[in-house]
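Shared between the two complexes below is subunit A, which has subunit B as its partner in the first and subunit C in the second.
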Partner chain A sequence: MTFPNTVAAAVPAVPPAQTRKRGTLSRLGQTFAMFRNGKSIAGLSILGVFVLIAIFGDWIAPYGPLDKDFTALRQPPSWVHWLGTTHMGEDVLSQIIYGTRGVLVVGFTAGVIATIIAVAIGVTAGYVTGWRSESLSALTNVFLVIPGLPLIIIIASQYENPSLLLISSVLAITGWAWGGRVLRAQTMSLRNRDFIQAARANGEPLYRIIAVEMLPNLTAIIASSFVGTVIAAVLGLTTLAFIGVIPITNLNWGTILFWAQQNGAFPDFWWWYVPAGLCIALLGMALSLINFGIDEYVNPRLRSAGERARAMRKKGFKLSDTATAVRPRPAAAGTSGPGTSSDPGTSSDPGVTNAGIK
Partner chain B sequence: MRFFLRRAAFYAFTAWAAITINFFLPRMMKGDPVSAYLQKNQGRISPEAIDSLRTLFGLDSNKSLLEQYIDYWQLLFSGDLGRSFSKGLAPVTDVIASAIPWTVGLVGIATVISFVVGTAIGAFIGWRRGSRADGIVPVATFFSTVPYFWMGLIAIAIFSTTLGWFPASHAYDKGTQPSFTLEFAGQVIQHGFLPALTLVIGSLGGWILGMRNMMITVLDEDYVTVAQAKGLRPSRVLVNYAARNASLPQLSSFAMSLGFIVGGTLVMELVFSYPGAGKLLLDATTAKDYPLMQGLFLVITLTVLVANILADVAYAILDPRTRQMEA
Partner chain C sequence: MTTLEFKNVSKKYRVRGSGELLALDKVSFTLTSGQTIALVGQSGSGKSTIAKILTQLERVSSGEVLLDGTPIPTWGRPLRRYRQSVRMVFQDPFASLNPAHTIRHHIERPLRLDKVVPADQVEEEVFRLLNRVRLSPEQTIDRRPHELSGGQRQRVAIARALASRPALLIADEPVSMLDVSIRLEVLNLLAELQREANLGVLYITHDLATARHFSDEIMVLHHGTVVERGKADDVILRPQHPYTRALRDASPDPEKHFAVPTTPGATS
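Let's look at the complex of A and B:
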């Protein structure tokens, strides 16, 4: 449940044609600039751990996910079973390790499909004008308003044994609309920029204008809508598995919770249901952190607000003071204006708030 | 006026789309569970009920698709959504009507509380940007990425099973009849407290974060500086200048996230055995009660649409620009 509200509000400060002369490496570096901050790196690291677990699950997991050990039923965590066992003597830790794969595969497949739909419809809707733009926008809004989960439940329940791809597709179809809406707004603001006008005046074909001129300026928003869809898909998948709508043969964290609830794990056998839920939350948190990083990259005000406020507080100002607040010891601190010295990145920002007025 | 006409056209279109999806869903279905059911229960269902079920599920194969579609609309306008298989062939509309008030009440109250509290906290954190209040953000994010149903299960485990403070399931004590008495209201509040609390905690993070980010952007605007330069009280600047403007995108995402919240509530009702539309939908899914599923999807979608219209009205009240477009 993260709303990338601010993404639409600001425009990424990437000059479009600057990268031409630099090497491939620095160009690549610029493409990933949105991830180069503490929050994104922290999120990517946690995500990386989960990806590694998903890939090497077969080697890491101490037991098979469905190996039954009838001598150890519902055992609390011990050295033999780090996270205890289920009612059938299955190792909970191994189930979680194997379940990671199911969650990530569905989450990322859904994210990719949804992002493709969102880019195709959002960018087109932003680029074309008139009734075509309006009708695509109406389509996006319809998908935003229609409640996704009931629809997924109904569709999934009509199939005896829905495949992972089908589940991902349904999650994607109900989840692309938000990204599409943000992308449309952003494309509309890009459409009339000088460099796009120039490309059009040069007679560049439409696909080239979109692919070469526009998409590089949309990467941050595309990335954030991708991450947002993955979060929603992970929550959707685990919810569906918990309800029992999708087959239990597809092992994921939701299935573990499904079994735990079916077999009366609540509230006594905490080792059975707490880790799976925490894993979902941790994965969601990692993805949200990545999105926070992207948000701050797209909207520099978010990044600088905290730093600026702290810098001013150090000088004895309070941001929430009225404009007439004067520095307590004007003679003691003989520096330049407080607003400008704290953060060179935003010194041109007109809103240096109250303390700029001395 | 143009604004309202456009919105009205949008809602009409969305309602049409939802109804049309509902028309085509059973027609894409593999197999034919409905006619199988009808054959098994021959003689127990009245001919009129069979007729309406045939129309709803596209069993009139001798009619063209267009004729089926027209018949379908006629049925909807006469308020006939078929008969529920799992509820003793009661009319689907009656079954849904008994469940919807519970869901609307629970979700409505929880969502409004979460929206108001989250927006207020977000405004405060944005106002005090850079202070220790920023520490709320990661906590709120964590709670918003925790699955609702898991939080609900843990809440039951702690507060009802272990501590015994709240009942773990149902909307009121077993054996009591719904009535408009104080005692019954007390029971409803006691039973609804935990589900509502988990819903609020789960959705709070999104509101806090959205509002904080908007506040930070708005606080850099010139009109806020001017308001402060005029010497207005900080509380007035915070509420009437910054928060009022920052809350506008909140309202539109409120409208848009309703579909998501409804989804979370469905599962919440399963966890708490709350007798609302979500529990009904999940029961219908397990019982393969297709008419009830169809009807519920339609009603849930239309309810979300109505909530969206309310959010639009609130937006128009808060933002004079939308109203000025009329002139």
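Let's look at the complex of A and C:
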């Protein structure tokens, strides 16, 4: 090489085959890096179970949700009805299983709609300046202070039989503002960064600056605002169903609570209302855990000390493919642990090693 | 031969609450391809404002900027064509590359945007550009900025600036954020590329030593006005303006460094 002092020479030689592999797969890994921590994984697992229940509800549920068995009214849990029955002899477990679908569909539809609104308004408000930014910000603030639930009640009560999409849209319209506000703040801080200025100086069109240069840097915040809206929508939906604004034909956990309340289940017939309440809490917890995980990814300072050390070690391993080439790990010099056991020369029992030294 | 001319350019910033700030006051100079001018001045003297005007991230308040005799277009395709011939290397290589994208994306974009080469030759051209800035294309092209060192990143930024084959290059303190040990390397690379492509370079810095090393002429900016301009050696060795003198005396002199300090007792 003619330039021995160049940077290229300083990079340790890596076989080209290895660099070729870093394609779409590593890019995908980068995109989902925010979900690769204990809290997010726990949350996603719980959520995954609910999603499976929602998809395969028809096969899992032992009875139809409205099948009436008049020989078993208000029965406590038994082997026939795992979670007991209602006053009409309906199986509570089946109702919970069928209700999962209603909750998740509305929750996620509302989340998607709200996120689209939040990104469109928040990012635009952050990127433009002057009166345009101020007016979009004012709009966000108005929606932020609108009391959501009363508005939903008013809108929903205008319709005889509101569709799921309508309910989701109403929940979305009242729920996007918080995400929009956070996105606006983050975009404002991004827009003055050098790499955005560089893209502008290169003559990138506005839509590409926002969609290609900015949005990838906002994914974590968009994901977190999506999850937050889903939580709000789930709680909103169950609340509406519980107070009876949404017709009973839409089966969800809130409807179960509504019927339980209407028919004097509190407090004696606990199997009727406790499972639905627990499911709401569990789903909320799962979504919150995902959000905590994303927050920690965005702001590593939120991690506890142990997690931080583990994350560092994880990172150390990733970087070590170049580091070890220069400085091989000392082969079990003073350390005991996995390093010693892998070495066939030394005993895996530290006690024996100590005896040998003595 | 491309000539860029600043003619009585002034720039006012509106400051909320306290009226206006005059960042540039009737600045005039010309920069032609093949020539290197160092723009020296302390923080707030208006150096970066000149860079922003040249890249059209800011507009002039009065006066005009001419490229080969025609004023800079302010929008649309003519502006893009102007931007193709005037490119900038930013100060901070840790901030000027998008953390979400690979090196390939950074160098490919200007190539595709300005259609410098046909679409099927883009990859080849990216490899060529990375080789030109002495980066190994195989090892860097699919990496993200955070996987590279500061010096490597600044090389990527230089390759990006050169991608559209500009006639003029603005280097806004290109080495001030880099490790001292690699500053000279990057500066030499810039100088070499400048000679190769016959670039006109506006080297913005507050470091008089590298300004003298790197450029033909030095222009001293103070409170938004050019107080002195001349051949690099003349400005450093025989400064005319008191501010230039102060600036020169403020920078450490290796010869004075080891001189025995004169104490009252030592003199006889």
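Worth a mention:
Simple rule for what comes next: the second predicted complex is superposed on the first by the 281 of 358 C-alpha atoms of A that agree within 3 Å, B and C clash if a C-alpha of one lies under 4 Å from a C-alpha of the other, contacts with A are read in each partner's own complex, and residues count from 1 in each chain.
We take it that a contact is a pair of C-beta atoms (placed from the backbone, for glycine too) under 8 Å apart; a residue touches a chain by one contact, two chains touch by 3 or more.
In this text, all values refer to a predicted model and were calculated from it rather than measured experimentally.
Shared-chain residue A:Gly284: touches subunit B; no touch with subunit C.
Once chain A of one complex is fitted onto chain A of the other, the partner contacts of A:Pro216 are limited to subunit C, with no touch recorded for subunit B. By the touch criterion stated above, A:Asp295 is placed in contact with subunit B alone, subunit C being left untouched. In the superposed model, A:Ser189 lies in contact with neither subunit B nor subunit C.
Of the two partner chains placed by superposition, only subunit B is touched by A:Gly148; subunit C is not. Once chain A of one complex is fitted onto chain A of the other, the partner contacts of A:Leu257 are limited to subunit B, with no touch recorded for subunit C. Looking at the shared chain after the overlay, A:Trp178 reaches subunit B, while subunit C stays out of its contact range.
Among subunit B and subunit C, the chain that touches a larger number of residues in subunit A is B. By the touch criterion stated above, A:Ser169 is placed in contact with neither subunit B nor subunit C. Subunit A residues in contact with subunit B (one complex) as well as with subunit C (other complex) are 3, 5-6.
The touching residues of subunit A, counted against subunit C in their complex, run 3, 5-8, 11, 14, 16, 19, 22-23, 26-27, 30, 193-195, 197-204, 213, 216-217. Chain contact summary for the complex, subunit A toward subunit B: residues 1-3, 5-6, 9-10, 138, 141-142, 144-151, 153-155, 157-159, 178, 231-232, 235-236, 238-239, 242-245, 257, 261, 266-267, 270, 273-274, 276-277, 280-281, 283-285, 287-289, 292, 295, 299, 301-302, 305-310, 313, 319-324, 349-351, 353-354, 357.
Residue ranges on subunit B touching subunit A, taken from their complex, read 10, 13-14, 17-18, 21, 25, 28-30, 127-131, 134, 138, 141-142, 144-151, 153-154, 156-158, 161-162, 202-203, 205-206, 209-210, 213-214, 216-217, 219-222, 224-225, 228-234, 238, 249-250, 253, 255-260, 262-264, 266-267, 270, 281-282, 285-286, 288, 293-294, 296-297, 300-301, 304-305, 308. Those residues of subunit C that touch subunit A in the complex are listed here as 55-57, 79-80, 83-84, 87-88, 90-92, 95-102, 109-110, 113-114, 134-136, 138-144, 149, 151-152, 155, 157, 160, 164, 182, 185.
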